[in-house]
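Structures incoming, each one as structure tokens.
Two complexes are shown next, each including chain A; its partner changes from chain B in the first to chain C in the second.
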Partner chain A sequence: MIKIYPLVRNEVLKIWKKRRFIVIVLILAVLIPIFTYAQLRVALNVQKQMGTEDWRIVVQQQIQDYENRVGSPRMQEEWKRWYTVEIQRLQLHLDQNIDPNSPNGVTFTNQFVANSVGLFLPLLVLVIAADLVSGEHSAGTLKLLLTRPIKRWKILLSKYIALTIYVSITVLLLAIMSYLISGIVFGFNGWMQPVLTGFEVIGSDLNLNNINSIPQWQFLVMELGLAWFSSLVVACLAMMISVLVRSIAAGMGIMLATLIAGTILTNMVSSWENAKYFFMVNLQTVSYLSGSVPPIEGLTLSFSLINLSVWALLSIFVSFVVFMKRDILN
Partner chain B sequence: MGLKEEIPVLSVKHLKKKIKKKWIINDISFDIYEGQIFGFLGPNGSGKTTTIRMLVDLISPTEGSIHVCGKNVQTEHDEALKHVGCIVENPELYTYLTGWENLEHFAAMLPNISQQRIQEVVEIVGMDQRIHDKVKTYSLGMRQRLGIAQALLGKPKLLILDEPTNGLDPQGIKELRIFIRNLAKEGLSLFISSHLLSEIQLMCDRVAIIRKGEVIAVGNVDELLEQSSSTVLWGVSPVEQGKKILQSFQSIELTQLDDFEFETVTSSNIVPTLMNVEDIPLVNEQMVKAGIQVTNIEVRKPSLEDMFLTLTEGERID
Partner chain C sequence: MKSSRLLWSSILIVAIITTSIFIYGFVNAIQTVVYPNGSNLTEPEAEIEEEIAPSADEIIILSLGDSLTKGTGDKTNNGYVGVVRNLLEENKDKPVYLRPFAVDGYTTEQLLDFITTQSGVRTAIKESNLILMTIGGNDMFSPGNELDLQTSEQLMKDALANISKVFAELNALNAEADIVYVGLYNPFSEIDENGEVALFVQEWNHEVFKMTTAYKQVMFVPTSDLFYKNTKSFLSSDVYHPNEEGYKRIGERIVNVLQ
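Moving on to the complex of A and B:
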């Protein structure tokens, strides 16, 4: 009878009025300049090492070097492919007159999103998601929510929708703020700069047969899509914990511990193959795009996406069943 | 309207609840009709709050059924709770929203509530002054009022208030009483739980007294009180002979006044008794015959509290 829209509006308003989103904006506004400064130091360092040499000459030398290697008969076939594409990429840099080693707003954003997806972005999501249900529980307002003439599943659904909205805005905001802030320092161009992608992981090796170069804006869109998906999965899991655990602090602790365990695991368990079924080692979906070798054998982009989807769906199922059945005793 | 046709606003039948292998609520039944104020009494831990939570579908009963205006609360959640406004325990509202925003929030969860209706309930509870302030700045009494405003938003047929006088000062309690009476006059039924009995006595038409999850008495306040005997204070002189005569009656029980009541008794030759008021002329006649001076016959109506204590005291012994 009651449409879902007013309920979603309620939830969106409550998150806003709790000033959670402002906290996220502040975190980003403080940290991105710090990262930008760090990146600037790196760039200056590189420049110092290069001396006063013209970057065009350096790149041309590099292209020359690669061409020689490709011509060499000892070269493996798949590496030939990699060098060929890399030559094309460097050539594009020369054509567009962009220094491949100097950072710009877009490369910075690309790197920042890629590095955020494993831990930083999930933490921002937690700021919003961790107390969506447990907060109402401990404040006692859950009793008022559940005694309205509205079925419980609708109330939970409206919370999920509001959460999705905020997670989407958070991911976008992270990209926009990092582009704007770093752009002030590194310049705002670089959208058309080429990036290599199309790596495939076979076993523990990278297959380079399908690599190609795409403009950076396209790479960024793909990256943001994956980061958004990972964040949504974290949001769903945080929501489940929020439904199951009434204490906000305990819920937050559980989620933090799990996420940090993920980063520890990726550094430790390269030989324990079954660890790949944990959701937290699958969150770094962006790294597949840029072709880094996965921490555990058997991890591929499609495996990670399916794995994360299964975790998310299971958590949604558990949340709804528990939320709809549970007696509200206090 | 025939008696047979009237559907109770709230009908509770054989309600039972088991939590962790323990029966918390053991067979509670009662009906509330239109315009009635129903008091739900019991000491702390007797199952009042658990029962209320079942009435509004926060807890599902193990056995038994609850109907609001003929709709089952469990199976027809939306239709039944449409008619119910409630405050369960404390009026916990969103402290980071203003009073008005809270009302808008809950109005969005009900069908067809206009801005005018929100304004109306604000005026009903007299909160126009502070309604646009954040709830965290409100006193408990104001939160209580906002809670009632929220409960009234959907023009409910049944209003459930859990310990509504908690945290109110005497003036606030008096206002609340008048307020509740007026609501009942307009045809609203009220279900009020409390452990403070003197208040309930002044407010309610009917009461149910529960103890350890069972109803031990249910009925009109007056009827219930009539069943229990009154305290009669006899002023006699000489006292000892007067006492003997009172003791000779089987139906009369000599009693003690508690400290609070004792202070109101000025004379030292007062003998307090528990007896049936109809026996007073007979006893008086005997006194006169025996040459005892009767200076005072004072009938003290029993309060719900006395009755409640006698009913629940038996419990503590076994």
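Moving on to the complex of A and C:
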């Protein structure tokens, strides 16, 4: 009986030798400076227009602007709802004297993680996960692997564990690189700065009964926890596709199409309620922390997490069944 | 072999630590959002309002009030405030900044509440060099509703009382800035056959003007004469708010008054 530990070690080192990780680091190293620059431009532009850096004035002006938008007869209902919630959220920040977007590395990292969780982070996960099994088919190494006296489920399980390890490291890398790069521009402080969380969106109202003011590091850890979970679900699904589809390109294409369809759907499904059962519209788990309106009415954190878990478990089940029964001779 | 052992153990250690942190964060997030435990917010301490004086090296324009100041009806959405800003920018060599705070449909009561309770706008008021405002129209008329002068007359009293408080508050916050109250005009002149509405508008303007005389930095700028003739050509498609041309005339007049 061979233990699972050396198998995991083997898989982890195999992935490392494929140098996929360098690709991820490079993608982050190119894109984060671009986002940092964009953010800097936004800040500079506001300063140029309003002649101030006082966040209270800027936020106050934003509220007034949103009130005008809500009042506009041409505004779509769903956008009105979004603006109404946003007005309440900003107003609470003003009342509590807490800057919602104070410029520093931690705030940038927070916002970057929140914006990445729907598409960018899943794509990074795909770089590693997409060919874990199908790649062995193409390289012909799967036959070698399976001729060893090891149970097939152990091989697949070791791949899942290795994948989990890399998902954790990828999420960590995204956070660290975004903090370091944006910190050069915005400063490295902001860990203890208070942020508000615990919002609950009910219709176009915010339930303010459970709002908590917590230090930003804690918010970041919660956010990373949710982002990590979303990434893990994407990784599981990518693994299933990799087991089912032998061609790496086809597998990658399927996952890409699904994820991108998800971002398109989140922008247009607000009236189609059953779309909430797709995993793609549930990936943005982080948004529940900061109180933004979910893409479909009635989506909640618990629904999204249960939905994602069901998808992940199903995919794991399918992967194991197919992988154990598959005839690999041809 | 040695290097791969080192690599494996470092990957494993990093992964175990980060995964535990993420699981902690994940559980923490569920607790906060799904099983909330009341709020830990305290009544924010009453802020000590800072003393801020407007700077002489720049011109900060603050716009307050209703849709006329927001620029509703102007396709470029700048309204007379934009006209004033552009003209000042051409004439003066100081940087000119604009902080628009006007909201469609604002009444005197909403404006009074806004400037007495909101710390952001209070700071902005203290920093401004020029405050442009229109208010009062929505208290007495609303676009689309039947014009009823008797009700309007009754509403006028409360509106005037609020405006007087608005002026007092602005003066208390910033006694140096020029404050321009833009008077009402009569958008109904074409249906106003015996001049009733014109008289009413003039009565309003007169009452506000009387209040402005109490403060030397508050100026009343009349606009009703600008809309006497060819009224429709200066009004936008809602036949209530000015169009670009109408706003341009108001803006030019304000700049003339200021110079």
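The rule is short, and it goes like this: the second predicted complex is superposed on the first by the 271 of 330 C-alpha atoms of A that agree within 3 Å, B and C clash if a C-alpha of one lies under 4 Å from a C-alpha of the other, contacts with A are read in each partner's own complex, and residues count from 1 in each chain.
The rule is simple: contacts are C-beta pairs under 8 Å (C-beta built on N, C-alpha and C of every residue); 3 or more make two chains touch, one makes a residue touch a chain.
It should be emphasised that the depicted structure is a prediction, and the values quoted were computed from it without experimental measurement.
Colleague: After the superposition on A, what does A:T147 contact: first (chain B), second (chain C), both or neither?
Modeller: In the superposition, A:T147 touches chain B alone.
Colleague: Quick check on the superposed pair: does A:N97 touch chain B, chain C, both, or neither? Answer first, second, both or neither.
Modeller: Once the two structures are laid over each other on A, A:N97 reaches chain C alone.
Colleague: Per the contact definition in the header, classify A:L13: touching chain B only (first), chain C only (second), both, or neither.
Modeller: both
Colleague: A:R41 contacts which: chain B (first), chain C (second), both, neither?
Modeller: neither
Colleague: In the superposed arrangement, does A:D327 touch chain B (first), chain C (second), both or neither?
Modeller: first
Colleague: With both complexes overlaid on chain A, does A:A139 touch chain B (first), chain C (second), both or neither?
Modeller: A:A139 contacts chain B only, not chain C.
Colleague: Tell me which partner touches more residues of chain A in the superposed arrangement, chain B or chain C.
Modeller: C
Colleague: Which residues of chain A are in contact with chain B in one complex and with chain C in the other?
Modeller: The overlap between the chain B and chain C interfaces on chain A comprises residues 9, 13.
Colleague: Going by the contact rule set out above, which residues of chain A touch chain C in the complex?
Modeller: 9, 12-13, 16, 49-52, 54, 56-61, 63-65, 67-68, 71-72, 94-97, 164-166, 168-169, 171-172, 197-198, 200, 208-214, 218, 221-226, 228-229, 285, 288-289, 300-302, 305
Colleague: So in the complex, the part of chain B that touches chain A is made up of which residues?
Modeller: 19, 53, 56-60, 77-82, 84, 86, 88-90, 92-97, 101, 105-106, 108-111, 150, 154
Colleague: Write out the stretch or stretches of chain C touching chain A in their complex.
Modeller: 4, 7-8, 11-12, 14-15, 18-19, 21-30, 32-34, 36-41, 44, 47, 58, 60, 70, 95, 97-105, 118-121, 123-124, 127
Colleague: Within their complex, state which residues of chain A touch chain B.
Modeller: 1-2, 6-7, 9-10, 13-14, 17-19, 139-141, 143-151, 327-329
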